[in-house]
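Got some structures for you, see below.
Heads up, the next two complexes both have chain A, just with different partners, chain B and then chain C.
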Partner chain A sequence: MVISPVHYIALPLLAAFLIPLFAKINKELVRIIPGLVLAYLSAVSIVLMQKVVNTGQPVIETLAGWQAPWGINLVFSAFTGFLATLMTFMALLIWIYSYRFKKIDSEPAMKYYILFMMLVTGSTGIVLTGDIFNMFVFMEITAIAAYSLTAFYRDRDGAEAGFKYLLIGSFASAFVLLAILLLYTQVGTLNMAQIAERMHTVPTGMKITILVLFVTGLGIEAEMFPLNGWAPDAYSQSPGPVGATFAALVVKAGVYSLIRVIFTLFDIHGAFDFLVIMGIITLVISEFAAMKQTNLKRMLAYSSIGQMGFVLIAFGIGTKEAVFGALFLMFNHAVIKGLLFMSGSYLVYNTPSKDIKDMAGIGRKFPFMTFFFALGAFAIVGLPPFAGFWSKLYILLAAADEAMLGLVAIILMVSIVEIVYYFRVVAKLYWGKPTDNEVYHKPTFGGYISMTILAGVILLVGFYPDVITGFIDRAADTLLDKGEYISNVLPKVQELVNM
Partner chain B sequence: MNNIVLIILILLGGGILSYILNKVTPLFAGLTAFAATAVAAVLFFTGLSANDSFEFTLGGMQLSWGINAYSWIFGAMVMAFAFLALLYSMSYMKGKDRLGYFYLNYSLSVMAMMGIIFSRDFISLFIFWEIMTWSSFLIVVYQGLSEGRVGIKYMIFSAIGGYAMLLSIVFMKAEMGSVLISDLIANFGSFSSGNQTMVGILLLITFGVKAAVMPLHVWAPRAYADSPMSYTSVFSGLLSKMGIFGMGIMLVSVFTQSKGFDAVNMYLISSVLAWMGAITGVMATFYAIIQTDAKRLLAYSSIGQLGYIVMGLAIGTKLSVMAALFLAVVHTIFKGTLFLVVGAVERQAGTTDMTKLTALIRRMPLTFVAALMSIIALAGIPPLAGFVGKWMLYESMIVSDHYFLVIMAFLSSTAAFLYSYRFLFGIFLGQEEPETKDVKEAPALMVIPMMLLAGLLFFLGAFPGYLFEPIANGMEYLGMGHIGWNATVLSNGWGDHLDTLAVVNSIVIIFVVVFIFLGLKNRKKTRYVTTKDVHTSGEIPTENENLTYAVDFYKPFERAIDPVMKRKMDFYYNRLGEGLESFFNFLRRIYTGNGQTYAIYVIIFLVILIIFSKQIFI
Partner chain C sequence: MDPVLYNKIVSIGIYGSAIGLILIGLYAVLVKKHLTKIVIGLSIIDSGIHLLFIAVGFIKGGTAPIFSPKGIELVNQGTAMVDPVPQALVLTAIVIGFGVTAVALSLVIRLYRHQHTAKIDHIKSLKW
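And now, the complex of A and B:
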């Protein structure tokens, strides 16, 4: 069996549909199969990344030999491969974490793992595909899984959050579909490389309308303001591992699709400034809103939205260093937010009222969870010597190089707000007066392992960022070089057309 | 391996090790931290030379560490004082919980300070600066969260300072392509006028927050008072000096690179800074006088003394900078000792409220001697080291025609006598009370550092030259040109001499003679009495006579300065914070929680984009 990007799509999907059958054989298999699949995919990621790094060429797979413009191809380049690897590893860690989370009995566990596998399929599919309608299909798969996972606990909160997500998410799907249709009528192909090639033939008015539809639809997934109303609820009222999944997989796929559309498909320069401005608005409003939150997971949700705003700013600046910083920030955010959601959900789990006030002094009972949370908080704010510092530094340097010092000042002021609300919580956790509550749910062994691994990554990247800067550098190059993308993908496609 | 790296790694490793060993037994935690500091101190004093440097690339940034004559002064201060403070801490923190956490953050602070001292480039400086900030924050909240949100206030101001530095760093990188401190000094003159002002002010904000210059000082009183005393000695003694360290570089090396019109600009900024230092000195001293808690008194006093030092640096003549740096070192010694003393009193007597403490002089004589020496140095009385520094500072101000600043400085110095006396009287003197009958002297591990530091004050008062030499070398490194100095003689511009050794000798002789006369010679005729007030001479005091002056000690003074003290800076900051919070609350309501509202936001967004698409995207 040749190692190929198809495995990312085929295996989780297959596993998702076969899990009910396996459940009949042995209940434990329900939990184990996803782990096996994800472990295998992680290995595949490493192999493919090595290949891409060594040869400098993306790994392209045309599915079933169907020709463009109707055939689908998967592109595992330095950029998409980096994101896919990140997603796969984070999914593996989340699997380890949720192995026995809350000791869910077997039936809901089965549903959870089916949906989780579908979500992994969808997210990695969005990132790896080279065909725009295929991207829409994967968006839908991800969306279905995400809506259901949001409402996983069959209580009122989850249902409400799921409904809001469903409502806004259907807008996203509708607009993206409309945009794809319009685009197809103009360029006659669905293959992203060919679209990029033929984009200059589209009249400007039409181009802008299509871009607007894409931006609105994909902006919903990428949590841009004011399209992100669904996000606070979805993150905070879903189970802990699901929140981590959203932060690490779903929103990354959303931002990826937006970036791919703006950077590769379209050639409108105003879009970059637009990204910067929307990013600033998103960052400012969400961080300010986070200050007033009393629910820990909701606070983390707003912080997540803010970080995505920061990523959009960085992509909007558009230079090589800025894109480098943006990718680094995406990496950091996935890891750190994952850690924060993982430790945060145990802290919330042990507090009956879910209020931050009642979490005072919990550091005594749960020193590890509090330590992980504090580590995550320090890292995400951007304090040295943790990982978040380097990404912030690179983005600010890129902004300064473009003489956008006002932007730097805004970002730093917002960072101060971030520091306040995170450190407030950390101080309270460690040194507040403990309230008496008898609730005591110890984290599972799997939980400890995944959190330790994430904490280790944060410290490692913080002390020695050169570990991943090489990969990110290549990824940034690949993203910015539109011509390279087209020339890498198209000959493969063309040779099939000529056949 | 390079000694510089070794020092940093030992301190870091010591912190982590003490955190881990705390699980075994708390004794090990303190011991490990102390041992690590001791080893690092030995390495620092014996193993470093001016050519030591360490360069490496991390994440694409060129980082460079090294030591020079100027940073050596601060490094010596940090290592020596941290060593003694950790020795003290081993016995002060006995019985408290979460010692591993405490020593980890303590060691991280010390490591970060050494890192700052070793940094030759701004990125390393920033990294270590932030580590210092968050590790000290974690200790400020150690004793529990207080209503004034002390820890968060501290964090906000330090973050503002840190990010001001980051803003100037990214600007420097974009403008010069390098972040080396030496490159900033070399290229500063070629920045545009606006950029010079911007970089100058930003970096002064960074260092000013740490040095608690008004109006950036509001975090300091509560933060100093609420931390454990063994850390506050480091906090007030050393961390604030990191601000002075940076300011020294900025004011002496960087600003002087401006030419022509820009030089006038920079001079203006320095003058404003000098005035802010003076105001800080006066106001903080006034606030110190009206305090009833010894810790707060010392905290405000720290801020005031730092105001002097900033004033000296900002004036910028050779003598004033020498005075400022001399005072900085001496301040570390005496203020550190004072905080150690207060810690000892707190531990032994249970409280630091001066209205409740009395007459500990009999019970804690050694502590009293240390406190006395430090207070004498603080007030600037000969023969101790504080006098030398203050004398030089006054002279420098007079010589450079800053007469108004001299008036402010004198005012604040004289007012400093008031709180100095209050501190001594409130804790150690006065009438003996039954509550303090059983107080014992502090343990040896706590007394030894205090006495050593007090002895150092005495020594430097007699032989200030030993401190002049490294400071003069440091100032030469900063670019001030050769400075003459002499081991025991201070000379001023008018050709007068002050032979400190003669002063010390005469005082010692007088002391010995009186001691012999009173103590030994007339032993039979002297009687020991208790420290009870005997002034009523047998008459019965009436109701409205005040017998002891513990409470409302300076009531008339308070009444006199009341108009000046009407509004504290803190009040305005709190108002600002509240205003921002209500603004945030308003913003939060955008997320109404109603799904249909969010759907409408989407549609509105789409409509706006379509209508204005040409303007936005083309």
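And now, the complex of A and C:
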């Protein structure tokens, strides 16, 4: 079989819809099949990444034999490939974690795996596609799976969180659809490379209207303030592995689509300043909101929003170093927040409520979980030997290079807030006065494996950032070089134009 | 009637009703307190956008974009073709809208079962 980017979409989607049939053969297949698919896709990622790195050219797949401007194409470049690889590996680890996950097993596991595979399809599809309407379709696939996973537990709060998310998400999709419609009337094409090429013909007023619609719609998925009201509820009410999935896949896809639209499609310089301002507001408000949370998962959710604000700031600075830092932070956030949600949800399940105050002294009963949580907390606030340190350092250096000293001050100040609320929890876990709650759920073996791998990655990247910086460097170059993207996707049309 | 004026009235009618539908939907979502009505509002916004899509692709007197002997003959005679892309898009968008509405209604039913009311004022246990 020829390895191609189309497997990212075809296989998980096929698996999702075949799972009910497999369930008829053997109940265990429901759990195994998604893992096999994700393991295969991880192998595909490695092969394709190697190809991209060796040749320096993106792997471009045209679907159904229609060439780029007419048909839909998938672009596996150093940038999109990096994100797709990250998502696939995170999905595989989350699958290992959720294998035999107690709370999911009490509900029909089949439902969980179908929705999970659809979520993986949607978010990798958003990253890989080169067609703006196709991106909308994948966004909706992701969104519908995410609504259902949010409301996975049949309790009241789950339904409320799911409905809230759905309400905001429907607005997002309406805005994006309107933006795509207006864009189509202006440029007469849906291929992103061709849109980028023809963008200069669009009048400025129209450009800004379309951009505002896009930023509103996609900002909802990317957790940009004030459009992130869904996030804390969705993170806190969904099952544990789903929180990790949101942080590692859904939000990454949202940020990607926002960045793709602003960087490649539009080239309005004011948009970058806008990103910085929105990023600062998002960062400051969510970190302060995180500080006053009593519920552990809500605290993690606000911290997640804050990190996305940080990513937006870095993308908004717009220089090579800043984009490098932003991509590094996206990688770190996926890995570290994954670990935090994975260990945090076991801490939550072993306390009568989800409140931090009930978790006092749990570190003595749960040395491993608490250790992983503490490691994640240290990494995400950016302590030196861990992965989070490097991304924060690069972004601060990039901001300092651009003489944005106020920005540096704000980031450092917010970091203190971050340190306070994370360390408060860690201190409570270790030195709090233990309450006499019992151990309800012991972590599964798979849970230990995936958390150990993530902790290993955090330490490895912390000590040897070189293992990952090469890929991120190429990814940043690819994102910033718009002309190369256009000429790679549309070689034939380019030749016709030049004739 | 004067054909130019007629065209103008028709296009204002189509675009106006599309935008009107979007506004009605927005009104329902933002003002109504009943969950089902909010879902209906979302659905109406979608319909408005779909109508807008169709209106954009429409050309008066244009032929269907089908690759048939008659169609080719008409195009050779100088008849314009209706843009097929928005129609294809709108089909996809309708299906997606249907899916979202179905999920939304199932969530409304679940909320109602737990809460014994579908008024949005009573649904506020999750907060910042």
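In the analysis below, the second predicted complex is superposed on the first by the 481 of 499 C-alpha atoms of A that agree within 3 Å, B and C clash if a C-alpha of one lies under 4 Å from a C-alpha of the other, contacts with A are read in each partner's own complex, and residues count from 1 in each chain.
By our rule, a residue touches a chain if its C-beta (ideal position, glycine included) is under 8 Å from a C-beta of that chain, and two chains touch if they have at least 3 such contacts.
This one's a predicted model, so the numbers in the text were calculated from it and none came from an experiment.
In the superposition on chain A, A:Leu397 contacts chain B only, with no contact to chain C. Look at A:Thr452: by the touch rule set out above, it reaches neither chain B nor chain C. Of the two partner chains, neither chain B nor chain C is touched by A:Thr201.
Of the two partner chains placed by superposition, chain B and chain C are both touched by A:Ala289.
Of the two partner chains placed around the shared chain by superposition, chain B is the only one that A:Leu211 touches, whereas chain C remains out of contact.
When the shared chain is aligned, no partner comes close enough to touch A:Ser487: not chain B, not chain C.
Residue contacts after overlaying the shared chain place A:Gln57 against neither chain B nor chain C. Annotation for chain A, partner touching more residues between chain B and chain C: B. Of the two partner chains, chain B is the only one that A:Ile168 touches; chain C does not reach it. Of the two partner chains, chain C is the only one touched by A:Leu181; chain B is not. Common to the chain B and chain C interfaces on chain A are residues 160, 163-164, 167, 171, 229, 232-233, 289.
Contact residues of chain B toward chain A in the complex are 58-61, 101, 123, 126-128, 130-131, 133-134, 137-138, 141-145, 151-152, 155-156, 159-160, 163, 166-167, 170-171, 173-174, 581, 583-585, 587-588, 590-593, 595-599, 601-602, 604-606, 609-610, 613-614, 616-618. Chain C contributes residues 29, 35, 38, 42, 45-46, 49, 52-53, 56, 85-86, 89, 92-93, 96, 99-100, 103-104, 107-108, 110-111, 114-115, 123, 125-126, 128 to its touches with chain A in the complex. Chain A contributes residues 160, 163-164, 167-168, 171, 175, 204, 208-209, 211-213, 215-216, 219-220, 226-227, 229-230, 232-233, 268, 270-271, 274, 285, 288-289, 291-293, 378, 383-385, 389-390, 393-394, 396-397, 399-401, 403, 405, 408-409, 412-413, 415-416, 419-420, 423-424, 427-428, 430-433, 464-466, 469 to its touches with chain B in the complex. Residues 133, 137, 140, 143-144, 147-148, 151, 154-157, 159-164, 166-167, 169-171, 173-174, 177-178, 180-181, 184-185, 190, 229, 232-233, 236-237, 289 of chain A are the ones that touch chain C when the two sit in their complex.
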